[in-house]
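All chains are identified by letter, namely A, B and C, in their written order; residue positions are counted from 1 within each chain.
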């Protein structure tokens, strides 16, 4: 049976728990303040003002104007909207998009679909750390390029891309620049103005806000079609009755995350480094992602000769929740395209483990994980036909 | 995701390891996900007297390796050859649909070990039958 | 000042309050059970099972199979997905869509956008009650028709369309049939099998479930592209981390609504008829929508010589929340296309009032509204240059 005495959640890149104070702020909008913000009676006004406040909170967090913030149902919708919306609205100017080989599927599958609709996509490669070279972006620009979409920080390996450099290039060449910042917002400093970002996607549940909430920042100069056609909500750009409690929660969670960012980064980086260094003591283990240009909470490591799903199952039995890029853990049976793009070969990608820390992670948790993982790795290596004799016990 | 029976065979796999002086060895890779299983058998009087395995794979791959080796131990080679991945899945009281293909690994690796034994004995190879339940995802 | 002693919410077609027992069921998923259903550790399993249960609840409510239910962010997304998804997936077969002139904007604006992408749309007219004639649908079918999308019940006038007849025609002619049932689900009986419905949109907050939640039923024979590309969620058809608390709330709210439907319809129809008859005693007032083929909770009425937004503001001062199809209350300054399609002329549409009853509506509320509205109408008529002398006081 699972060790119920421990419950160590180290999968904060997948989703985070809602902060209790954020939940509290949502409660009135799930009980008496249920009005539809579009209506003109009094209870609607309360909803409307709450949405306006959240819009300001989100804008402030990324250096935008409130009227440039549009609420969505999550990071996936924001990515789909930004990319499809710009492509459909600007197809008369050209049909070429630039992206990278390490995007989240919300971006890459959207691009693949647009290819079927007659758009052309260039996938920029990355180096072994998962970094995009801004010069490659520059070189990929064509006369018919209408959009550059490059993620702010990678969800698997935590690498932070050179967004300001890419933004500068895009602005100079007059091309719209979207960044999927779902893993970055609330975790690292972002300023859409100085970084020349035209569109930015974010998702509430990645910074201890509610699930099913997100936002897209759309700068003033952007021409974009709606993804959700319908009513007049969100200044007629994103239809659908507003998820008022969700929006309220998103706004507050982001405000809190940003206000605590400096302090919590320091704490997380220290824990992350301790954990990484400890795990790298296991022989034939490899860090993935960039050592410094990296999300404060991301530990990604690869253990040779073993398979990630097995590691996760054993960790779960020890009360530890984590994630892997192994093919066996994916519905498509494809190993992580991110680790492959970084140049790891498929067998080795099989043994990847991602531990992403959060608010509640303590030094004791790190100690416990550092005790548990080596045992599990050894147990699985003893069972594996690939393990060389000197690593068996 | 996995039932308790599967988890038991995953956490406490039976028959792991190698047989140094094995009479037959079979290794099979799963083309769908790249996982690998290696089987060692010891045969006496046409009966599988001992069997050991090593698996590089997911929980379902390890659990079905364990279960399959349990099921063929002490059986004749003919009986062992007839063990299907379906029987392994049934003995495990089910696998998630997306994980049924993992159980093929054990069936195939055991087949290879038996044919390796037959080759060493100078006997003709047995033919794989087609129509396995492998693509359930 | 507003009369704070009264708070009568009669805008349940706009949105409904969350039922307290539904809110309670959501709480664990907003606190400790926060796992991402796609993960394999234990807390994820709780989420996964909760989503599966909600899927069965939704399926049971409309006579579908659980695997035919896909969760979305609301009615708007469901409508956009159904229509765009079918159009993009089947454009090789033809580019013609059939709809009506009384659809919600989530359908009609989607159709308008598709016209810009090269699709052709036929808008079937309605009679004075807002009813579509199935023969008109039949006559509009062409060789290149790929989709018929017709709403189940109208959000403004409450008219229930002959969905089973239209479904039969669509099935016989081999054309996919989508219905926007956002106003109908949980309020009137629906069976997708006997009604030959291929796709059906629903929205959680219209039956006392949470905002920002919805579902699309997609029958087995439907070929459809995703609207949200990305991760492997929802059997790879609708990407995005699942809004688990929202989904749980949607499922329970719908199950409760359906189980109480018979009883609550009876109660609502009685209240609705009392209210309608009372209001029609006001001279120069007109009912809109069908007298019988009508949602149990919908009262729609037009008062000549006055303007809807003014009525709403005065009602709000008396503690009554309601809605209008007046141009002055819409961001686009267009009067209700639904009332226009029913043959009312623009001036008269200005004076429309919609009162939609709900769980909490009592006979006392109806009495109070029947006292209040005539006074307000008289006050505004006394002020209006259009009012004939005999109606002034």
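Points worth noting:
Just so we're on the same page, a residue touches a chain if its C-beta (ideal position, glycine included) is under 8 Å from a C-beta of that chain, and two chains touch if they have at least 3 such contacts.
Fair warning: this is a prediction, and the values are worked out from it, not measured in the lab.
At the centre of the protein atoms shown, by the Cα-centroid criterion, sits A.
Chain centre most remote from that of chain B: C (centre = mean of CA atoms).
Chain B and chain C have CA centres that are 56 Å apart. Centre-to-centre separation between chain A and chain B, using Cα means, comes to 40 Å. Averaging Cα coordinates per chain places chain A and chain C 34 Å apart. Among the residues of chain A, those touching two or more other chains are numbered 309, 313, 329, 331. Of all residues in chain C, only 2, 7, 9, 11, 14-18, 20, 23, 26, 30-32, 34-36, 38-44, 72-77, 79-80, 88, 104-107, 109-110, 112-113, 117, 203, 205, 210-213, 225-232, 236, 239-246, 309, 312-313, 315-316, 320-323, 329-332 touch chain A in the complex they form.
Of all residues in chain A, those touching chain B in their complex are 305-307, 309-310, 313-314, 317, 326-329, 331, 333, 335, 346-347, 350, 382-386. Chain B meets chain A in the complex at residues 2, 7, 10-11, 13, 16, 27, 32-38, 54-59, 61-62, 98, 102, 137.
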